[in-house]
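Presented sequentially are two complexes of chain A, the first with chain B as partner and the second with chain C.
Here is the complex of A and B:
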């Protein structure tokens, strides 16, 4: 019965982000926060493993300002407990800082056999947390896993690489990252939501984790943001559908000949 | 050790036959661009077995030097041994920057390398520049720092810097640099490492490789791509439609375009459409067709986005297309920001007529 820690990130729902009509800056005030999609797949996979073989599922999360209600949702899905930290310095682009803080939360969760993460986050898409956590703990990692099996303490993973699926195996402890392909996360029932109110959410300060603000200094900094203006003449094609089709056919011919 | 002692721009290149993969040639061109700006060398870093011709080709494609290890136990990619060897090389030779391709392999490997070298990693960049960087807290200006440029949400680009750590590590999305033309007369330095395997690095056993080979779908090689999004589930009046209808329509249109103009066409799709796993599209819209951040990056002559709203994940994968046409009855869809030609109308009205025009002409 493996004990599993799942790393989840609170992100802005990028599908709700609309650009400001003039500045083209995304308007964050209109978008809600949510748990990053792939992280829910990681949690779902952890819950399925527990259903087969027992064990404990803990959730860890670090960010500038974690909303406990979102963490409560992960408990409603079925996680046993959560360990979280909010700190302004965690609004960072730095994969090193994120992984360092998460590793301290993982230690708070107690002994573990498997860490499951989304392969990337919805907002930054950095693809770093899983492999960096594996480095910190000195264990192997398996990334882009689309199917996972556990038997006799060994993981067997179907990994999606450029040239097709690869099947790899390693013993635990290990880190596994997953995407949307692996499963469909469950929606918690009312009963599960009620049960979740009794589950513990442990919230820490930096000093509780043995960390200083100094250690949260990023090595990578984001300095300049520019609205991405695409320099192009935009042509709006107008008319009845048949006229639009004709104009589109003309464009195809022109571009085909331009080659 | 001072930062100035770190020299040269490294590109971790993946071998393909006697040469390098196209994305590897692209980041070698990116390394060349940065190296020329700071007056240093562009270095291809290659691991594998039987690399004699490969290292020559790396030089011919723009590298001033190749740092490589040619060992039987490095023949196939494995994350842990590769991480160890790359770190040994970087610790010994101290590069200024170290570039990777932002694909599955590069994303698997580069975070581990960055961790061991105790440096930052800026992922998924689309361009690189060299700039001075002023750091307020210590009142220091760092000269000639790599500016790592990446898309940020739907509509911004961010510049990311790693001023105080070396090497400055970055991964580059495929499709953003043009490989340098092969010039067999180029000369360069070959630096061979002879690493020893460490048993504990072989904890992960590869049981099967590249099963379920990717099918014949060749998005990167297509002249024209018509991509489908969730908008194909409804027509302009909001009535549900069988998405199979849209798939058949665009298949036929592409076939007619091929016949009439000799353009190679392919059907793409958004991640949302692929993972909604619609029964009607089973076996037709599969993950190999995915265009976007977690799928393929494409830059065809013509890209037609059909029923696609234009989430950032998708835009990043097609923004470099030469001409973009967007067809969507949602008049406010963000995809229209990118489109050269906007058709704000019902795809189920426009596309059938396009098909008959192409069939008749």
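Here is the complex of A and C:
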């Protein structure tokens, strides 16, 4: 009966982001926030483990202003409880700050055997949270996991890497990070939505977590965020279809070689 | 006071329904419409995910929500490319269960958990008869008691979803019209298990073009035997019990019209922004823009009445006038929105590939059914304004 903590991040839905035509900065006001994709895979995996072997699934989340509705949705998917902190200073953060705050929330969640995280977040793609949490708690970390099994209190993980498939195993407690391939997150069913309204969302202040504002100072700061400007070349080919095909093939080959 | 503020639950319900419906692309609905085929796969998924239990009490395995939430589910279903067919293929269960919950005996209530779980369908409601039309007390389908059961004979017309339902709420007379003191007396409600009806109900489809995916039928009922314990509510008082169902139905249909109306306007607006004729987007012409603005406004107003009616219904308060007004206003606004969307899309508005013509066809139904606009005005004139009764 492993007790599992799942870290979920609220990010801006980057698929809705468009760059400002002049400054090229992303226009955040047009995009909605959502739970980072991989984190939903992590939650789904936790729920599947619980369905097989029991245990408790807690969700933790930290951010500048956590939208309770999104957390409630993770409870509607099936998590048992949530532990969250909203603090304005968390609008600027780095991997260290995130992992520090999350580790404190994990402690609030109580006893745990497994921490599941998305391998990276939709917005920042830093790939740091999972490994840093493993470091903080001094436990093993399995990354890029595409299939996970638990037997006799040990984890067995299939990791798809560029050079092939790795199968690794470790004892618990441990941290596992997953990507989109591992599963398809479920939609909340009606009865789960109903049940979610009665599940607890524990909200903390910084002092509740034993943290100070100084500890939220990131060591890495974001200076600038701009979209790449993609200029179309607007090359127009003319001629008969056969000639056009030739010309087009030439260009494509030349471009490919130039890369 | 009622409130239109959305709770977290409402927002989660909306999102979950939208995500479920988004698995069914426009091509699916177009194909079903073309083939006059019930959206079986879609309904199965709704049932499997427990959505039929939205307003069934928790003690019977449902989610225990009320008409407000049932109407939200239907509103979201119709605000998709499935339009009023998506919602109309599913909606009867939501209003039928209200009466089972309120007036059903323990025997009848045994069906509720199976409906909630999606194992049984309660999608048919049989009121209308050819000789009665909207004058329901004039129905002549007769149920005669014989020992511990009723034997029923008669004909019904325009009864929807019979081919895709396991259970049917049947409205029949237990005392003939000529023998009652009050014309609304002597009517009784029966829960009919269609799986056991065998040859005693002949079903003949009456094809139409306003809801081609959903079957609407003539029923010839010959010596249908229904056990006495399948009477819902009091014998002879069915007409009054039925208000529970028809008020819920009107509120739900109002919500469906609002869902589709808003969806269609968003489609028209998108098109009007991008379609350039005479060197300007057509949406720059007020002749195109203003009707869309007006349709939007009418839908918003109808929505207020819908929430007011739903709030009254859910609080157990009288809501006949509000449910009727909500249906009237929403049906009108939706039909207008669809009509203006056709006009906005021009030739494409009438092309099958944009789906707008289907929405427009479908929206026509609710100007007439389940209660016509004329009958609603009759009701308001007499019951609310106190004018002499005309019907």
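The rule we apply is simple: the second predicted complex is superposed on the first by the 223 of 259 C-alpha atoms of A that agree within 3 Å, B and C clash if a C-alpha of one lies under 4 Å from a C-alpha of the other, contacts with A are read in each partner's own complex, and residues count from 1 in each chain.
By definition in this document, a residue touches a chain if its C-beta (ideal position, glycine included) is under 8 Å from a C-beta of that chain, and two chains touch if they have at least 3 such contacts.
Nothing here was measured: the structure is a model prediction, and the numbers come from that model.
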*Using the superposition on chain A described above, determine whether A:17 touches chain B (first), chain C (second), both, or neither.*
first
*Using the touch definition from the top, say if A:244 reaches chain B (first), chain C (second), both or neither.*
first
*Report for A:126: first if it touches chain B alone, second if chain C alone, otherwise both or neither.*
first
*Now for A:156: first (chain B), second (chain C), both, or neither, which partner does it touch?*
first
*Is A:187 touching the first partner chain B, the second partner chain C, both, or neither of them?*
second
*Figure out whether A:147 sits in contact with chain B (first) or chain C (second), or with both, or with neither.*
neither
*First (chain B), second (chain C), both or neither: which does A:225 touch?*
first
*Between chain B (first) and chain C (second), which does A:199 come into contact with in this model arrangement: first, second, both, or neither?*
neither
*Give the label of whichever partner, chain B or chain C, reaches more residues of chain A.*
B
*asked:* From the superposed pair, tell me which chain A residues show up as contacts to chain B and also as contacts to chain C.
replied: none
*chain A partner contacts - residues on chain C that touch it in the complex*: 8-9, 11-13, 15-16, 19-20, 49-51, 53-54, 58, 63-65
*asked:* Please output the residues of chain A touching chain C within their complex, sorted ascending.
replied: 68-69, 72-73, 76, 187-191, 193-194, 196-197
*Parts of chain A lying in touch with chain B, wherever the complex brings them together*: 14-15, 17-19, 24-26, 93-96, 99, 119-120, 123, 125-128, 130-132, 134-136, 140-144, 156, 160-171, 179-181, 218-228, 230, 232-237, 241-242, 244-249, 251-253, 255-259
*Over in the complex, which chain B residues touch chain A? Could you list them?*
79-80, 102-105, 107-109, 111-112, 114-116, 118-124, 133, 151-165, 203-214, 223-224, 257, 260-263, 271, 275, 287, 293-294, 301-302, 311-313, 319, 322-323, 325, 334, 336-346, 349-351, 353-354, 357-358, 361
